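Chain nomenclature is as follows: A, B, C, D and E, assigned in order of appearance, with residue numbering initiated at 1 for each chain independently.
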Amino acid sequence: MQEVTTEKKEFTPNIVAFCCNWCSYAGADLAGSSRLTYPANVKIIRVPCSCRVNPMFILKAFQQGADGVILCGCHPGDCHYVTGNYYTRRRMSLLFSFLSYMGIEKERTRVEWVSAAEGARFSAVMNDFVKTVTELGENKRLTDLRIKEGK
Amino acid sequence: MKISYYPGCTLKTKAKDLDVTARLCAKALGVEMEEIENWQCCGAVYPMGTDEIATKLSAVRALDHAKHNGGKLLTLCSACHNVIKRTNEDMRSNEDIRFRANNYLKLDEPYKGETEVLHYLEMLKNVVGFDAIKKAVVKPLNRKIGAYYGCLLLRPSGVMAFDNPENPTIIEDFIRAIGGTPVTYPFRNECCGAYVALKNAELPKQKSRKVLTSAKEKGAEEVITACPLCLYNLQVNGDGILPVKYFTELLAEALGVQA
Amino acid sequence: MTKEERIENIKKLSGTDVRKCMKCGKCSGRCPAFKDMDIKPHQFVTMLGKGKLDELLACKAIWNCLSCMACVERCPRGVAPAAVVEAVRDTVVRMQGNNGIKAEEIPPIVDELIPQQLLVSAYRKYNK
Amino acid sequence: MKDVEMKMLERAKALLESGEVARVIGWKKGDFCFDPAPASFETVEELDNFVYDYFCGANLSKYLIQMSKKEGKTAVFLKPCDTYSFNQLVKEHRIKRENVYVIAVECMAKLDIEKIKAKGISMVESVEVVGKEVKVTSAYGVETLYKPDVVLTKCATCTKTHQVKDEEIILHERPARDVDRFEEVAKLEAMTADERFAFWREQLSKCIRCNACRNVCPACSCVKCVFDNPASGIAAKANDDKFEEQLFHVIRAFHVAGRCTDCGECSRVCPQNIPLHLLNRKFIKDIDNLYGEYQAGETDEGKTPLTSYTEGDAEPNDVMNGEAK
Amino acid sequence: MQRIGVFICWCGSNIAATVDVVKVAEVMKNEPGVVFSANYQYMCSENGQQLIKQAIKEHNLTGIVVGSCSPRMHEATFRKTAEAAGLNPYMVEIANIREHCSWIHKDMDEATEKAIILVRTAIAKVKLNAPLTAGESPVVKRALVIGGGIAGIQAALDIADAGFEVDIVEKNATIGGRMAQLDKTFPTLDCSACILTPKMVDCAQHEKIDILSYSEVEDVKGFVGNFNVKIRRKARYVDETKCTGCKVCMDKCPSKKGLNAFNMNLNTRPAIHIPFAQAIPNVAVIDPEQCIKLKTGKCGICQKFCGVGAIDYEQKDTFIERQYGAIVVATGFKPIALDAFNEYGYADNKDVITSLELERLMNAAGPTNGVLLRPSDGTHPKVITFIQCVGSRDSSGCGKPYCSKICCMYTAKHAMLLREKYPDTEVHVFYIDVRTPGKNYDEFYRRAVEQYGVDYIKGMVGKVYNENGKLMVQGSNLIDNEQITIESDLVVLATAIEPEPSVRKVATLLTASIDTNNFLTESHAKLRPVESPTAGVYLAGVCQGPKDIPETVSQASACAAKVIGLLVKDKLKTNPCVAIPDEMMCNGCSQCANVCAYGAITYVDKEFRLGGGKTEVRRVASVNPAVCQGCGACTVTCPSGAMDLKGFSSKQIMSEVEAICKK
């Protein structure tokens, strides 16, 4: 019998980034206009405020096969909607801690505050997050197998 | 209180006075300086080349030893302080140097810059306290004294974090504590030029005269330093414009401790 | 090593980014050894940037820099001219037979007061 | 317990007779001694079936959502832990407080028939509790059990006291108990992520999506559950994949976070014995640690931890790295 | 059935160089629901927009996706395009394939693949878009100007002249700001006070302008057209309505050793004082830290001598609340602290001064009555050395990484004025670069050199020290490759400027974004240069970035034009992307109202049919669309999912997630 060698394809994680319109999305725009690169596997979803991000969206992303989810908003105190990101901060602290409690690798989820002026930071954060998730490998614990296996 | 102490080459030979007076004063102030075992010379100048590893290992050994013996390393000679503190910063923040140095040393657990490097003056200020020294003084030195910082204690300030690099005050505060009147003069943080003495004898002469002239113009009667090389240069090349002493000698005098 | 490689090596050895220099001259305005520097501190940075290797390797300034860090301390752009000087000196002394100070040169100038520190540092700075 | 039951019955009769209340919510006898069920009594006659004993563990507060909307007042017997749920529902405007007459009753820790059965006793006929002893009479004779071994899980770590009472029936001063309800949570936290994942995968794979936890939970009182709403994007799908259970329980726990009073009903009713309360308690523990101790339902007004904030709240990344204070 | 049109923009080579735009457009043709897909060089151009309009009409499109630059750039443009073609403007989605794709990726295949996913994601969303109609909200016809310097004054005058009420809130006791401290202004050398003080008087006399001096903004609520602002009126211990500005109190006050901040602390002033002669309002103020009466209870001399009984030691801070349609921020600047620049000897030598201090020493109303005297000994300096870029262009962490922009010009001004007034003085200027872009600016600088003989030295100073009573300025002369030491009598530091620190609080209150240097961020450098990203907030003067007086005044007038454009409207179109509760699902639990920062959610009792003729009254949430700002905090708080956000509905976002994740 011939030995089957499967070429190991380099793992590139699929990352969903939720960015608030006023700070982080603008920060991502600035990263773009400053030509500060980060991997193409980061895809941004624009939301008005980080507080619009429902835990269900995050779970949905993982279910659909995302390997990491990052949530970016204005720095606390600088929220365009005054208090929105304060609620985000509590919600995500509790949700991510809870997911970790359920055995989900805590490195898959992250919250970062990126202002409209922090294009360089946006790019650095994304590079770092992609690196972390790449090291972690594929999301297997929160994926709906039917989706991954195309059932 | 016990503290790990790195004396360095010169303090065992030409600068014995600095070492002996420092130990006596520390003892009088309740600090025991415990000389670390098997220390090796630090090299007396910090090698800046980014590939310099071997030249930094003796400093790392001393730092690692102190890490396991109280976590603090006391220095006295300005050059040793400069070399050890900068090497420590490399070990803390330069991943490449840290990796390669640990690779050489093969310590039980890698050294990552955990030790706090403390100059004797910082020890006097932060551990003993200048107020406590003031109280311990038996013979206030009622003289006008110029502090000579030189370059090694202060720069690069980002790493040394010793004092304001352009307007330092720690030795002046020390002078006040021992009852003297500090004289600030603009050349107290200018290099005396001694490092190049073997290649260019003239430069250190000019520089040391400039330092002492500046101190004298502002009214100093004597100048104190923490560096054996500065002391040598100012004494030998300074045309005797002003007497130059180790700061610990004056401390011993004020505390009334005898060598 | 080709010339280009050697220049790159000096840049790497210095750990400083010469492109950050905005040519203000503050380093040279501060240098206490300025008169004895045939290549001035700011020139070290610009000349390395321009790849003037031969001039750099042949200069006297590398033996006269006091390593006092005054130029590094006050550079508004975070450039370290002293590190460039040292990188050039290292490059010179690492070439065979180029030690800056020879043992036989020492005795006549050493007086009995001279601290070990000076000899040790001189060997470390000038020799490999 | 009999004396408590007598007094309750007496009050229920009086309240109905006088017309002061239109109905009384309590427990009625089941087919066996261990399955009394919540019931509404509208006449004195109906009270013949009234019961209050060591198996009346059910939390009656949730029934008041509907009952308090009815004509006339509703009297309700609430155990200490039930009063927190009651308060929380009042806070959320789900119960019309003015239409409810609350009678606080002694609890004495309820028994778990599953735990008794697990001791190898079947066909239980009657139970008598004396101090820490539980005498179980079954078709096979009488056996004495140690009470702490067979109380409901929620009772084992209960430290709750009555928060609401229009009147009370025999409330003994309860000595403060030194129990740590977070012990189990801490044990899980101390495990590796792999171990935790294995634990929950095993537990949640038992879930049959019967929705008993949701139906009993006083915090799960939505007019229409998000899982039943096609617009939510997470409406129930075929429950043949582990992910569905995971998703369901994560979202349910998050939805009740900051509002769950830790009444323990979810675990009590779970036919698969999944320790669901350990999910909710993780949130409670984190909230206590991060935002200061908070007991949902302690009062019937004010904001919950997830609808309030302070400027110096812990950063999520610090929380994840265990660096938050 | 949805009929989606896709339009992929090349943005010249900005997108097309890294993304295979033709391929992206081709792939989209096969997407379910897409009936038209095209690519074009500049979709935002007239022709590009025409292409979109035509496609909407010809193909009867129900929604469009534009793959182009950031929606923050041209979303509004394409919405207008759609509207012009008869499509609801909210049936437009933008896929950001420039900032988030072509500009940050180098590999063409990778970028193209990502662009396809981004466009697909936008298609998935647009399929769930619903036509939205903007509501209306009334506009309060009054503007607030924060900061009473030249920027605030100019903006207030222009707005008031258009017939709108304006309040100026100034934290100091008088308006006038930094410009009031200046002696002459470049490049015309006209006197600063001669320009500024008449404008200050205009403000005071303008019937539409209310000056709230010695006041600070405490709280801001509301939104564009309808801000509700709480203003703290600090206790000045003098009744503003009674004080006549006679200054008798200043003569009589026994506590005269307070540092005179207006004169850069170069001399002293009494505890009760009017900051300067032309102050507006011309009303005294008591420094409570210095006043003997307020500190010890004993004294009261000023009260005795005040002819109109204006002194009130019992005065407390008061608060007023007012409504505004628009807010102009003009908080100005201050020179940086020089603690990190001891090499210039500022701390140790009285004769090392900052440029702003020199302004006061040259000003006829200054501490030396306009005669230049050394602060140390009151003698005339003969050799004066200027050092430029002190703390500017400094990325080492000690100073500011930016160019302060005004220093080159004012240093040339100072040098010129000194040489003119005191021809026997020798003036040297150390510079790194001389930056003089502006009308008549370079000519001005050259005049200092050519006509007035100012010695410009290319190089930087390394050390300033005192030797034998002289200031030794040691620096490099790069042209001659020399190190020189100039024996000087006076050294003037062209100190970097930074935004006035109070701007941070103002920015937080207004939720206006601020950059890493604490300058307020404009919405777009070219498209909306005087607008903050927060609607209804406008930026004038140095709070937005370093600039000189002519530029500041232009920007202030530009702000005024924007404010007037807003205030003339009776109603504003509101953002239709607001929260909407599904009453059938709402529990009435109040969780959503608890997190609403705007108080947009109230509750109503509503009757619902239960079937079988029965009804039920339930408490349900109701959102005021004019007040809701559309953040979505309520949507996540709602346990039943009854609350949703128009334009960013849960289903829309879920569909985006799905489109991104699907392999």
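One rule holds in what follows: a contact is a pair of C-beta atoms (placed from the backbone, for glycine too) under 8 Å apart; a residue touches a chain by one contact, two chains touch by 3 or more.
Please read all numbers here as calculations on a predicted model, not as lab measurements.
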Can you tell me the least number of steps between chain A and chain B, where a step is a move to a chain it touches?
-> 2
Minimal path length between chain A and chain C through chains that touch?
-> 2
Determine, using the mean of C-alpha atoms as each chain's centre, which chain is farthest from chain D.
-> C
When A-D is set beside C-E, which has more C-beta pairs in contact?
-> A-D
The distance between the C-alpha centres of chain B and chain D, rounded to whole Å, is 69
Mind checking the centre-to-centre distance between chain B and chain C? Centres are C-alpha means, answer in whole Å.
-> 24
Could you grab the centroid distance between chain D and chain E? Build each centroid from C-alpha atoms only and quote it in angstrom.
-> 54
Using CA atom averages as chain centres, what separation in Å is found between chain B and chain E?
-> 48
By the touch definition above, chain A meets two or more other chains at residues 55-56, 60, 77, 83, 87, 91
Among chain E residues, those touching two or more other chains are 343, 397, 463, 595, 637, 650, 654
Listed in rising order, chain B residues that touch 2 or more other chains are 165
Every touching chain pair, please?
-> A-D, A-E, B-C, B-E, C-E, D-E
Which positions of chain A touch chain E when the two form their complex?
-> 14, 16, 21-23, 25-26, 28-29, 31-33, 35-38, 40-41, 43-49, 51-57, 60-61, 64-66, 74, 77-84, 87, 91, 115-118, 123
Touching chain D in the complex: which residues of chain E?
-> 582, 584-591, 594-595, 603, 616, 618-619, 637, 639-642, 644, 650-651, 654
Residues of chain B that touch chain C when the two form their complex = 8-10, 13-15, 41, 43-51, 55, 77, 79, 151, 154-157, 165, 190-191, 193-201, 203, 207, 228-229, 232, 235-236
Per the touch rule above, chain D residues touching chain A in the complex are 185, 188-189, 193-201, 232-234, 241-244, 246-247, 250-251, 253-254, 257, 279, 282-283, 286-287, 290-291, 305-307, 309-311, 313-317, 319-320, 324
Chain B partner contacts - residues on chain C that touch it in the complex = 12-15, 32-33, 36, 63-70, 72-73, 80, 82-83, 86-87, 90, 100-101, 105-106, 109, 111, 113-122, 124-126
